[in-house]
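For reference, the structure is listed below as structure tokens.
Each chain carries a letter (A, B, C, D, E and F) given by its place in the written order, and its residues are counted from 1.
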Amino acid sequence: MTTRADGRTDDELRPITFTRGFTSHPAGSVLVEFGQTRVMCTASVTEGVPPWRRGSGLGWLTAEYAMLPSSTHERSRRESVKGKIGGRTHEISRLVGRSLRACIDLAALGENTIAIDCDVLQADGGTRTAAITGAYVALADAVTWLGAAERLKDPQPLSCMIAAVSVGVVDGRVRLDLPYEEDSRAEVDMNVVATDAGTLVEVQGTGEGATFPRATLDKLLDVAMLGTEQLFAAQREVLAQPYPGELPGSKQ
Amino acid sequence: MTTRADGRTDDELRPITFTRGFTSHPAGSVLVEFGQTRVMCTASVTEGVPPWRRGSGLGWLTAEYAMLPSSTHERSRRESVKGKIGGRTHEISRLVGRSLRACIDLAALGENTIAIDCDVLQADGGTRTAAITGAYVALADAVTWLGAAERLKDPQPLSCMIAAVSVGVVDGRVRLDLPYEEDSRAEVDMNVVATDAGTLVEVQGTGEGATFPRATLDKLLDVAMLGTEQLFAAQREVLAQPYPGELPGSKQ
Amino acid sequence: MTTRADGRTDDELRPITFTRGFTSHPAGSVLVEFGQTRVMCTASVTEGVPPWRRGSGLGWLTAEYAMLPSSTHERSRRESVKGKIGGRTHEISRLVGRSLRACIDLAALGENTIAIDCDVLQADGGTRTAAITGAYVALADAVTWLGAAERLKDPQPLSCMIAAVSVGVVDGRVRLDLPYEEDSRAEVDMNVVATDAGTLVEVQGTGEGATFPRATLDKLLDVAMLGTEQLFAAQREVLAQPYPGELPGSKQ
Amino acid sequence: MTTRADGRTDDELRPITFTRGFTSHPAGSVLVEFGQTRVMCTASVTEGVPPWRRGSGLGWLTAEYAMLPSSTHERSRRESVKGKIGGRTHEISRLVGRSLRACIDLAALGENTIAIDCDVLQADGGTRTAAITGAYVALADAVTWLGAAERLKDPQPLSCMIAAVSVGVVDGRVRLDLPYEEDSRAEVDMNVVATDAGTLVEVQGTGEGATFPRATLDKLLDVAMLGTEQLFAAQREVLAQPYPGELPGSKQ
Amino acid sequence: MTTRADGRTDDELRPITFTRGFTSHPAGSVLVEFGQTRVMCTASVTEGVPPWRRGSGLGWLTAEYAMLPSSTHERSRRESVKGKIGGRTHEISRLVGRSLRACIDLAALGENTIAIDCDVLQADGGTRTAAITGAYVALADAVTWLGAAERLKDPQPLSCMIAAVSVGVVDGRVRLDLPYEEDSRAEVDMNVVATDAGTLVEVQGTGEGATFPRATLDKLLDVAMLGTEQLFAAQREVLAQPYPGELPGSKQ
Amino acid sequence: MTTRADGRTDDELRPITFTRGFTSHPAGSVLVEFGQTRVMCTASVTEGVPPWRRGSGLGWLTAEYAMLPSSTHERSRRESVKGKIGGRTHEISRLVGRSLRACIDLAALGENTIAIDCDVLQADGGTRTAAITGAYVALADAVTWLGAAERLKDPQPLSCMIAAVSVGVVDGRVRLDLPYEEDSRAEVDMNVVATDAGTLVEVQGTGEGATFPRATLDKLLDVAMLGTEQLFAAQREVLAQPYPGELPGSKQ
């Protein structure tokens, strides 16, 4: 039987860890690791919303994704130095924002903004899916913080959990959670964002210099949803621990 | 039975037209119309390839998508004036490029670059899928032109046809080829890029402020692939006509 | 006698056409053709004026000119991708705006802004003069639309018609309406913007690597004004047709 | 009889001075004053030409115009801080370059580039015409310097002199060399660039919120050419003095 | 005994001159010369303060430093054309602002902003220290102007004088006020900003490809403070003259 | 006796830790912590040098410093999104590069470039001094890596160690290694970069809205150099451990 370079079976995730309270200024701060991929995901709360939303009574959630220059195998150029954001960065920032907005009731937030930042410290494939999965945990912490600060209009603005995973066809086999070594030579590459209610938020599948039959799409989805099930379990477990810092209003 | 505002049935495309030779400087130039959506798609040939590809013997295909400021219902700001390209523009440009690279053998091109430009003259939903579908026709014309100019290494670099269509859930119903009026209130929105061999190139489905079960995904794909079948027929029909201009090497 | 490559006499315009209602979202939308030069000119109306003009009771008219990358003989780089607007683009945008502001009473507009967009679909010389001439027709339509919408303070804000034409010295002869083939080797190049009252709005004459006596300037102006006379006739004729769409307040 | 605020007659220039050798690093450096308008004009020589011109044996001349933030009546924002060059700056830079290229034989320069910089120290109307007039003197010095350095292919690359002046209609009268106070309320504004052979290089006339009959254009040109005659005399006089520094190859 | 190329002793300043009223639009305008280094320093007054300071009752002082392209030995590229400000420019602009804010009571200014512009006309080492020293004189004039206009809350907002000088180790010797020829090969380079009360505002010392013992630092400071003493004397002398223009409220 | 909020004495450093091998792609990767300030410092090696240095046989070292948006107490805007780098970022990037170039023999590097990246994960004062101190350790690891890869011309290109620390006057007392709470209200603020040979590389002292006597400068330096002594000890200790990864050429 073909094994993967890192010894995993085809439908096995890499080791997943979440470190809550990774930094202390933002209301939510999580270091998520999918194997060697490490992303610092933070959720910062600010009062007020963008101008086009003012007076609506609704909150807002925005997201930015970026890779540190030294996070990639070969150092990449810093986007602030180039003076422009690349298409890939833009695309993933939008995906993270859309994915997390699917689980939050913005009316319950009141006119507050939650800014999600996903900064990749080390990249080894699947950075966007790790970012979404980790950002959900940071978001949950920020919501807890807002609740403690009595700034929520509704005590439970989160309607479901969100996690994401990559799947792909490598060496002719459908595989889960691709590291860079597999991702860079995958024939088909798909990212799936799902909810713990078993529904889908976003599905993006691409043939990389190839095309794929619909049967492959089905198989990819099967494996992806097995993966997200395990991610939800991991998120639930880590969120069962208390908030990793001091909450507003708590005694000192 | 619920009918759509424009009288179509749920799985019916809008009227599709292709005008080849819409402008005369580029090797391929096509005005594609999906109902009121009109996109000018051109394929310009230049000698040489980007620096990182020089000496490889391989060609390259790149694509840019943009909306004219006056193409939208409310005039939008010109990106050149803003000095930056928005995330959506970036994302679609990358999608168009990836989609068309799936059908072309870049080795057969030799060290030539084909630059695809998709400029939206009028937007009424589905601009990215119209762009891909029209750009395929422009690309086919550019390949014909390159062949006549004896600049191809292999006489037939195109391995299949490419078309794209949008599908979505509107008013709880799965519908094909959404105009703006439906797109702006769709619960689920999906773009499918397919080949005439029945395989998939790209699938992007998004819940818009909602999530969707996998059964919906399946239904959306069923309808989308009915749509692309009709688009391939339309492309075939228009490409059966001769090249709409003078080819290199033809008598004058 | 020397004839021009396209068979015209020295003081003959290329075939001129205006297609009103070329697109349907803007209040005015005109495709203007000066021979092979084709420019899409639109006039979009928005409520309000720029901050520095608010509360003045006066309207504003602004203009942007741009060339599509594929409009030129060799594809040119997209300015939004470069992240800056070139000097030529800037210069022509300013010229179009100044020219059209000469015919409109901004007080009569009330605090509305008309944004003129001139996007060159195909360039074959004279794009700036075609743009001004076509934009006048789009502007006239936008004014009709504003009148129907009862948003004008004065029913007739247009005080005259505006048209523009290029003239130049080519092969030692003064010629009207230069196509690219002549323009690129002209010794003197001049653009004249005039009103149907026979007055001038803007005169820009340049020796291209040469200088010219004042007698030449006089001759160039003579020919240019013959040209604008014909352009006014063409504008009048096309504007004699009814507004090419549905006006606000009309029965449905 | 109406007199102008500064006591001049309608066809009188402001006091004109040229200070050659104003700074010492560039090959040509001239402070030009048209009354209160003061522009530092320099001509810097560098070996080589831009990439698109290499190997042609031809030289190049380029020009940049800019206003210091504190040069205007109200301080204006610095363009380097804004991160973009405004349309007006672009337009004038191009005009200065075109005007000076009309008098120089680029083949005689060999593959050297002359960079003209016109930096406005104090603005009081007519900055672009002062810039061109002063830059000609700086250019003449740079040519002398190149000759002394034995870097010219032909000893006399300048075929004529270049000067520029503004004219306009103010208070219904045709006036020469408008200061800011007149320029800001002129009905017609024209800039004329001419040669000492009596020919024209560039004519730019604009109705400012008004239009003008051709007879006015003629009168404006008459007055402008009287003005440039006097400017040529002033240039000749100042250039009759020796080069204001040390020339290459001179004894030390 | 080793002498310097320009004949000065090690602890001697270059000839220092201040020309007040160098231009006439800004409230303060000074041309400062440290030998061949020439900087135009202006202080422009505008009503109001930046948004983040509004309503505080406090004024603001901001500063921008820039080099004209032709000011350097070899022409340098214009930062507005590059579209970004270099690190060195940024750094010096911040230094000038910080230095001058040390001597002014912003509460006494009321809600007015003073914008300092230091534009280098000719660079020969020590441009930043000349800029600070000259800008102090321009600031003093602007304060006089504000006082005459009765816009100060407190008649004397300046608490001390500010001057700056460079020192360095060249050829193993501690030297004052380095020209370019020494600066470009200095082993240690230091800029000292001081007050006439003998205190320090800013000390920046750098080993250039070398490091230096603390004893050297002490010696550098000794020499620098001898230099600033002389600069204060020169500033005092020039400021003893009356305001070089017309003050608001003065009879006409 | 006055104690500091965090219980330290005036001349006591915060707890200092270095985590070598923090990430695995760069040749050197160190997480440095000065109390709550945490900076990820990496040293990435690339073949070749910038164009202006090619063929010189010399290597190059460049540095970039940046703060993650969520690293500050209040989230700050991402510089890549703003499209420009702020003055402070520029200034510190230059300081880090200059400081590290003081200890390395670029000739010994051969034509290789070392890119230092200092990304602040959490900011609590002293980020620039922590960055320099941590970057030295990353640089030492990169040099070890280059040696193992047999890419050094000289086996020991590092001539000394480099560390940096902040000092300031807070509450009228000279204090070492200021956290944000002290830094934000310091009367004088100084950063000192030193070598383990007891010499200075860079001294930057600033009065913050105040000025300071020379005696204070002396005291600040005394305390700073006590601080750097301890930092050198800590660096030595951590570098006594073996290289935290696999070196090129080592057995697998």
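By definition in this document, contacts are C-beta pairs under 8 Å (C-beta built on N, C-alpha and C of every residue); 3 or more make two chains touch, one makes a residue touch a chain.
Computed from a predicted structure; not experimentally measured.
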* Structure fact -> Moving step by step through touching chains, the smallest count that connects subunit B to subunit D is 2
* Required steps from subunit C to subunit F (each step between touching chains, minimum) -> 3
* Pick out the pair in C-D, A-B or D-E whose interface repeats that of A-F, meaning over half of the contact pairs match by residue number. => D-E
* If you average the Cα atoms per chain, which one ends up farthest from subunit E? -> B
* Structure fact -> Taking each chain's centre as the mean of its CA atoms, the one lying farthest from the centre of subunit D is chain A
* **Intercentroid distance (Cα basis), subunit F paired with subunit D, Å** => 50
* To do: Go ahead and note the Å separation of the Cα centroids belonging to subunit B and subunit C.
  => 32
* Structure fact -> Rounded to the nearest Å, the gap separating the Cα centres of subunit B and subunit E is 59
* Structure fact -> By the touch definition above, subunit D meets two or more other chains at residues 83-85
* In the complex with subunit D, residue positions of subunit C that touch it -> 84, 86-88, 90-91, 93-94, 98, 101-102, 160, 195, 197-207, 209-214, 217, 221, 225
* Structure fact -> Residue set of subunit C touching subunit B in the complex reads 23-26, 29, 36, 38, 40, 42, 44, 46, 64, 66, 68-75, 78-85, 89, 115, 117, 119, 121-123
